[in-house]
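Per-chain residue numbering starts at 1, and chain names A, B, C and D are given in the order in which the chains are listed.
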Amino acid sequence: MRADVFRANLEITRRGLALFSFGNASGIVRELGLVVIKPSGFSYDRLTPTDLVVTDIDGQLVEGTLRPSTDLPTHLALYQAFPGIGGVVHTHSRFATVWAQAGLTIPCLGTTHADYFRGPIPVTDPLEPAEIQSNYEWNTGQAIVRRMADLDPTEVPAVLVAGHAPFCWAASAGEAVELAAVLEEVARIAYHTIVVNPQVEPLPAALRDKHFLRKHGAGAYYGQKR
Amino acid sequence: MRADVFRANLEITRRGLALFSFGNASGIVRELGLVVIKPSGFSYDRLTPTDLVVTDIDGQLVEGTLRPSTDLPTHLALYQAFPGIGGVVHTHSRFATVWAQAGLTIPCLGTTHADYFRGPIPVTDPLEPAEIQSNYEWNTGQAIVRRMADLDPTEVPAVLVAGHAPFCWAASAGEAVELAAVLEEVARIAYHTIVVNPQVEPLPAALRDKHFLRKHGAGAYYGQKR
Amino acid sequence: MRADVFRANLEITRRGLALFSFGNASGIVRELGLVVIKPSGFSYDRLTPTDLVVTDIDGQLVEGTLRPSTDLPTHLALYQAFPGIGGVVHTHSRFATVWAQAGLTIPCLGTTHADYFRGPIPVTDPLEPAEIQSNYEWNTGQAIVRRMADLDPTEVPAVLVAGHAPFCWAASAGEAVELAAVLEEVARIAYHTIVVNPQVEPLPAALRDKHFLRKHGAGAYYGQKR
Amino acid sequence: MRADVFRANLEITRRGLALFSFGNASGIVRELGLVVIKPSGFSYDRLTPTDLVVTDIDGQLVEGTLRPSTDLPTHLALYQAFPGIGGVVHTHSRFATVWAQAGLTIPCLGTTHADYFRGPIPVTDPLEPAEIQSNYEWNTGQAIVRRMADLDPTEVPAVLVAGHAPFCWAASAGEAVELAAVLEEVARIAYHTIVVNPQVEPLPAALRDKHFLRKHGAGAYYGQKR
């Protein structure tokens, strides 16, 4: 588990999803109520598995000598609201961040998007000044949870925080970082698609669901038997 | 032949034409009626030649223990309709996918395009919901075949599947993946060309044909004697 | 110190912030009044620490056999005007140069920007012909200093020289080159943000200050204790 | 000299200025009237110095067993018209090709441009159908020469062939390929500059000349003494 979170953090930098020490990955062991996360402002170059910080579900330090990522409260808010998830990844990947800064939902324009996300990638509402002043990172998590209220987090496992950057989640940190990489590609292709054709329509629902469901759920037939 | 298909699959990832396990290459031995294709959802990192799946022209498994690519029926439709081809490559390369998602034909705007494709790269019509519901991948192949009805598949050896991504074909899988790489470059240059000059005209037919024919056919004089 | 300036110069090319010999990094030892800078037009490939040129604060050669960077007078103008800084970096990084050529201030559109710069990145006024004719590089520095007159150089530690490219400064050359890399990323994301949403508003001041101040100053809580 | 042409050809691919076997570099030994050029359609991966083809100034084969680049007559036209040059490089670099396909001159928008080119990069007029039909590559050279009639080829050492791609020239093949790399960067930055600010004005002549002349001619003071 610590190994999975460690590898997921390295994947953030290996796949170019963040500069310097930006971004972070975490995982949760539900039975023990323990969360493992990257230390704050820590360069990926010198990160080792033992540098990872372990806290309980309320963020109290359980193991480690370094400060946890400042974004820990956002991760905790997601773990508390979405009981089915096991890993969270936050990046500053370029085009996902562009859409987040633009305050725009990423429409589902192609099958690459639909293979992983069953609908548009939503963007949160801006925080109120009071929500920024105190408990900012926790309130960021609450803004995500509010935005996802009518959505199934296993069908749309990513969100854009307005003016900031994306968060992704999955069964594990390793799967969440794969989603983060796909999200960046999807964000990039969607960007260029609407530049070259501003009138483009979203993918028809039948095609979107076909692609999502051939990879997910009971009727999936993509990939190898597990 | 298996070696050619194996190398073509590796070229997809080596040239950055698809993320993760996206995309696939296949080849056909016409005399034996055998098709070799990448296994479904299989990472390029751990692919070996023996992982490739062999089927007959109707997709019945002949050799291999893995599931073939879900896109196999699309490849089979192309092999059945275009008797002259020996390899098919499907990628999710970035700018070809942009044009496919935008639902736009790639106009022939320069000699790089004309060196390989004697005219615009067409885009298929959308599938009907019923065509998506059952035999989706085979129907995708039929949409390609319909779109190519008035075109010579040796002169325009690529197509964009609307909302999805490109397919290329050639005498071998190795040549098809080279086309896929050129298509991506052509798609990328065409994209930026129309952004910077929305009024740009297609290349004059005389110049387009000059470039295509100095590389293809009886009067070709580009390259070394073979 | 010489080692810090040497490494900062290598970072310029290692991070892709300039082609060939473009760009330069310098550092100052305030107590001795000595400035260390890259030699002019010198390829990063063959640069060694002993190639660096040492001058006094007026640009008089103190040590070294090579000519200093032609931009030395610009660096000196910054060291004289901003007593708190210890390093200056000049790059031709792609998107920062795009904004400089466009003559446009980079608005603060996201938290990545606000983590490092507490407000827009300003652009200088054009030089008068007479200022170009003689003492051009010194006058470039004066144009920067004039533009920064109402700004705190520790809160906005970068500027775009109109029609040219960016300069960044910090406590050391090493920190300045990190700023130059972040500036390029910020410039690139801001560019794509305004292309996809020309009506985008700057980040609210509360969110901008929250991100800047959680990394800088007395109340900072990002990163590890030092 | 053969070594210089060999290295210049490898630089084309090493700097990403062309895919596959696209592009070519040549050099001329004026005293002997001999031209050395890349063989046609030959992969850079397996090119060795002895594969280079030697011809006289009229293109008659002097040494080598391979066919010379099909673009040889274009190179010869430039050597005949511009007596001061010693090397020619043709690439299909991405953004220079975008401007060529768009049929647009690259305006001089910044000092990076002015450091190497004292004015806009011109684009040729389209060829007449008859000029395409026979002696196409020679006529391409003539179109370049006509376009350069009022320009000094040492001050504007590059041109865009309409619908095709750029040619650069210099005292040697090695210098010409450096120009080709700078041209690509300049083309890319200019593209993004006019996208973000369509009303941008060219660099003032005083600033353009200052930058060009601090690197070229009798008053140059950039770089090290030679």
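Please note the rule applied: a residue touches a chain if its C-beta (ideal position, glycine included) is under 8 Å from a C-beta of that chain, and two chains touch if they have at least 3 such contacts.
What you see is a predicted model, and the numbers here were worked out from it, not measured in a lab.
S.K.: Touching both chain A and chain B: give me those chains, sorted by label.
M.R.: none
S.K.: Same residues or different residues where chain B meets chain D? The copies count as same if more than half of the interface numbers are shared.
M.R.: Counting shared over all numbers used gives less than one half: different.
S.K.: Indicate the whole-number Å distance between the mean C-alpha point of chain B and the mean C-alpha point of chain C.
M.R.: Result: the chain centres lie 46 Å from each other.
S.K.: How big is the gap, in whole Å, between where the Cα atoms of chain A centre and where those of chain C centre?
M.R.: 33
S.K.: Among the residues of chain D, pick out those that touch two or more other chains and give their numbers.
M.R.: 195
S.K.: Every pair of chains that touch: which are they?
M.R.: Pairs flagged as touching, ordered by label: A-B, A-C, B-D, C-D.
S.K.: Using the touch definition up top, name the residues of chain A that touch chain C in the complex.
M.R.: Listed in rising order, the residues of chain A that touch chain C are 19-22, 39-42, 66-67, 70, 92, 94-95, 97-104, 126-127, 129, 132-133, 136, 163-165, 191, 194-195.
S.K.: If you look only at chain B, which of its residues touch chain D in the complex?
M.R.: It comes out as residues 109-112, 178, 181-182, 185, 188-190, 192-193, 195-197, 200, 203-204, 206-207, 210, 214-215, 221-225.
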